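Just dropping this structure here.
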């Protein structure tokens, strides 16, 4: 990537004129339509008897905010160069997603939340017209939701070759068997379709053995065993589900892009998914720093404002510096995706993914520390923010895998010089 | 402390001959009587409708293990030099508490769990014969439990002068009003007595304004508003409760050690409490490292055992080194308490308290990373362990307060040389 | 600075069309005219009997390369918006300075080396026509060199109010007395002029007491006591000199911009000086990473390439990520100077200055480690590079001062929200 | 090592009664006989024309202090269980070496300086009576000095199998050819004997190919090519020399312990050598912390003592905590050597060696930062201290090798449980 650094088309990181008013509109939307409902939404959720349902009123809150955003044209920004004409460049979207990261409900109200975004992108890029009509259309309209089933409990899924779930063609049907876990969003009653990574071709070369298949959630044999927790939380009703696929049968044409292209599709999907997470993480880090400052300014101990004690000011400065550095790295990765395409840009994406969640964890952790006991309590959003960022260090490729991508590119660069 | 370092009576950190068989017996007890009940205890707890109760069978499990320990003489080890003849030296207890830290139920089975240990120590050291008869005796017998109410939501409680809860003498009674939170153990139905830190003497000098008063939990006006969460968990049925004291009236003689001695009593209490936490943290870190190794050895990715990938071996080595260093520092602090007394040893205790939970968080966090998604799930004890250690960095004085104690002693040392 | 982040004029970090061919020309110049002379230049310097002189041939090498650069129009790029029409924008200069940072002689050949750049900028911005004619002109022509005397041995010079050197007006002359150290470049025989920070107005308010005065090096009373070392090196013949000013008399009109404006002038000077250092640091970090990779690829131990051992690949990735993040932060600070002016941009400059040298030290240190004993030897440039970056963490404001600038801006931002 | 932790014979880290008065005497000796000569010794050294000689008076200073120590019986403490009856236990010696680490000349005055200590230990353990008479006796008497030639410039010497220097038996003589560098002490005119690691048996199994041979420095063919620098310093007249062995012929009986036992001898030597370095490092860290405190207390900026600014107090606390932890780890490793023997104790030694120099570098670096520009100057010993500790992270096995030793032991421990 060293060689790219003087390319001027990669270094203009400014938002476009077209996107500026959209950014302003999103900021206003979040302030007026999302921030005010968050507390009630959470409160309602606490009374939930069936964990994976919505209590009366809760879904209305979120769908109401969605309707407002959709009406205002604040919708599906995540999808660049779509046939349907929707979406912004990755760079422009980054500015918007930074804002969305400050409120955990905001992305959903713009139909820009994971894992739907990745699923829609995959369908848009490699789906057949029939697949698009049946699944992409309602997803783009925000009428249904979806999930993506890759991770498996029994193997190190960071190595795609380890995938153990099998799909065997019997007549006109794929018969799928296996065990998937941490299937995010599969708990939501609105979730209707799963994209499932399977092994179809065990005798092919290592990265041509996998395929991705569309599995409607109501297909017989799709058993949700229960939620996987994250730091003890089930994240209901979204949920990170443990799913057993037991002789699940779907039509032959439910395969995406053809047999043996599962790994390739992952490459299509993972770049955007990863960078979207990182964009939102910047918003979370901004919020944590604001909370640090507000607490530090308003409380006193030992005769001083807490912010003026010990290392706290330096902690603030270091957080601010790292946030700005992360923001620029995410913008650069987004720009690289726009200019170079997702494949060529993947090292920039890995750099962002290896950098951002780890540093955000640190910034949020420091915010917790300055809050004292309240920082770990339900009176503060900080632990929820921490758990999300901490989990991101494992999801969509653990840090180690991304560092390896970056380092191998460096080694190759210098080998080529030699 | 520099000057203490050549003192030979501080540097013999070996367990005593007397304690050796006890240590062996404790290891055996945990293995045979506690490890086997943990899973069932937790499983029963999940079905709890009323969060702050015990479901049928649950209390029997823990009381059964207690009875076995008590019968075997494995009881109240935490209390050195007790009138009642119980207890080991702090140094000997450290070896035992390292083991107790590996299982979250183990301490309780030996009647060695917080916050009872601190409360018993305070009662033993400064209680009147009547106070001891009424409260210390059943606590030592393991018949009731207790809590300690210091932290308040509205002020930085790390500065004791900020205490806002008031106690005013009206006739023969103290009338107490205020708001306390994070009162650990107050949710347990067996909790019968609270030691409450209050401000009795607002016109006295800064550290003579506080007193500690015994408040039976069933006193009218003691309102448990609800549990404070830690990373979203209520830690039921133990609980970290939010308590309102609303015109709570207790007899004049419920004051401990006399008016204005509250801060002094804290000094009695806090040293042992802090070092006990650190002892158990060592056990937790050991367990996390074992889990790291077991996972790293048994899983493969990219054609290698996970332990052999990237920096994992160095992570293991650094964890081992830090664990050994922490163990020695905790042993030294315990020895200093035995030899110098709690007051003189307080800098050693602050060193351990500032060092241990922070490093344990890091070791557990690395264990999580090597476990992948399973590391943050309910299939692993790691996040629960992490949350406990993370909270310890705030409880009993946040890290910053302990670093300040250590640094001020250093400044003083060099000023005295000058 | 949070509020600036969506400003599109701050986020276009691309090099201008005009500067692109200059950047190419500089890269070619360094490769063809500077890289080839470095080894001989250093070798000649080793034989130096009088440490602060040039041996025959040495000065010719550097002046020869200077002449080539000047003839090619690669000259004085550092000075934006100069009356004389020279100089590039800070942003364009950054791209060039990244390259200059890879060879320790390169900057000087373009007349872009410290401390002359800062002195020229000050003279250009606040000098009188006479001052410019006498000193700026030969400096811009590369005929003489200069130094800047601020730091004093007896006080913490990071606080400008501590300045102890006095200047008293006697008739038409300033009489200067004091002790300055770490006066970089004062050892070079070509150094003819010093800008000296003095206290002229002890009764004025704190930041109006200081002035800056032009002191020709040959003025009686200017005594160079000897070189200050950096990690034991005298950096001859450039030198970081210890200078005594003993009743030094200069004409009244040698004052810059007027009495009491010394602190103000520092603000003019320090922004560019700091960011120029950071630009070159990026080049140094790039070079260190290249050396790491070359060593790691070419050596073997325990049956593997060193780069493939343990954490080395992750170290490479982290270095690459931090370099890219630093590069973007430096570009952003440079752009902010271009768009907002040096004063408004000072927080961006402080962010870069607090971030870059510290991280570069780490990257170079890791390069040393991978080189084994050779890494600390004269066979590698790494320790020299390390010492320069380490010293930068103290020069032009220690890290702590810059973190404080950043943090105070953050506190103010949030206070204004409240 | 986990299993060793409850062994009481490993955990008594107190100095023995016998050694206490010796420790007191050493402290007094350093204060009265070594501290006062350091400045003059260094000043004389600056005037050295021939770098690897002593100027008049310089050697007298150090030999004078040696004579006083020897007369007082403060001599050869480093050698436990010597036939000659000299030496203390490793544990007792640690307490003394902590003190020696505070003054760079102190160890030599007690005949306890590297690399002589390691060479004497090897001769004592595996030398023949003739070898002992000829070389050990004058070394123990402090009449001559010695060096140890292992590291080679062309290979990664951390892997002993890489040794390229060959020794071939021709008749009654070994003929040695090769290239060695960083041969510490070989510049000292008093250095008379080298122990040289060579490859004698290229066809044996990997760790039986090496031998160690005694090579008198005046043997024809021993060519000192020049000094290797450390951060640009030649460390004259001690020196870390680059040596070419060009058909060097020594008698057959100069081999130590027999052909193919070179690696084995390294094991004898390296444990003590490494732990001695670590002991002295503790003294250096203590001194750095004292300098930090003295500077921080005596200087002011922004209206406060520097020590009271920002994070400085926490930096002090963290340094103190790490110093105490390192001290205990070094004591434990020393005790393990006493109780378990050097071979069994090697994991404890690796833990100390991987831990101590790295942490000492950090503590000294922080001391530099608080000193400002003076910290990197010749007016402070800090950079010299830094360079020594930094080099230790590479010498006697780089950190990475020691971490690997520790981690492999951990893996083995858990594999054995499984």
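Residue numbering begins at 1 within each chain, and the chains themselves are lettered A, B, C and D in the order written.
We adopt the following convention: contacts are C-beta pairs under 8 Å (C-beta built on N, C-alpha and C of every residue); 3 or more make two chains touch, one makes a residue touch a chain.
This structure is a prediction, so every number in the text was calculated from the model and none was measured.
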If every chain is reduced to the average of its C-alpha atoms, which one ends up farthest from subunit A?
-> D
Sort out for me whether C-D or A-C is joined by the greater number of C-beta contact pairs.
-> A-C
Can you check how far apart subunit B and subunit C are, centre to centre, with Cα atoms defining each centre and the answer in Å?
-> 53
Euclidean distance of C-alpha centroids - subunit A vs subunit C, Å = 42
Indicate the whole-number Å distance between the mean C-alpha point of subunit C and the mean C-alpha point of subunit D.
-> 38
What are the residue numbers in subunit C that touch two or more other chains?
-> 310-311, 313-314, 400, 403-404
What part of subunit D is in contact with subunit A in the complex they form?
-> 310-311, 313-314
Subunit C residues touching subunit A - in the complex, by the definition given at the top = 1-2, 5-6, 8-15, 17, 20, 23, 95, 286, 289-290, 293-294, 296-297, 307, 313-314, 316-318, 320-321, 324-329, 331-332, 351, 354-355, 400, 402-408, 410-411, 413-415, 418
Would you mind writing out the residues of subunit C in touch with subunit D in their complex?
-> 151, 153, 155-159, 162, 181-182, 228-233, 299-302, 306, 309-311, 365, 368-369, 372-379, 383-384, 386-387, 390-391, 393-395, 398-400, 403-404
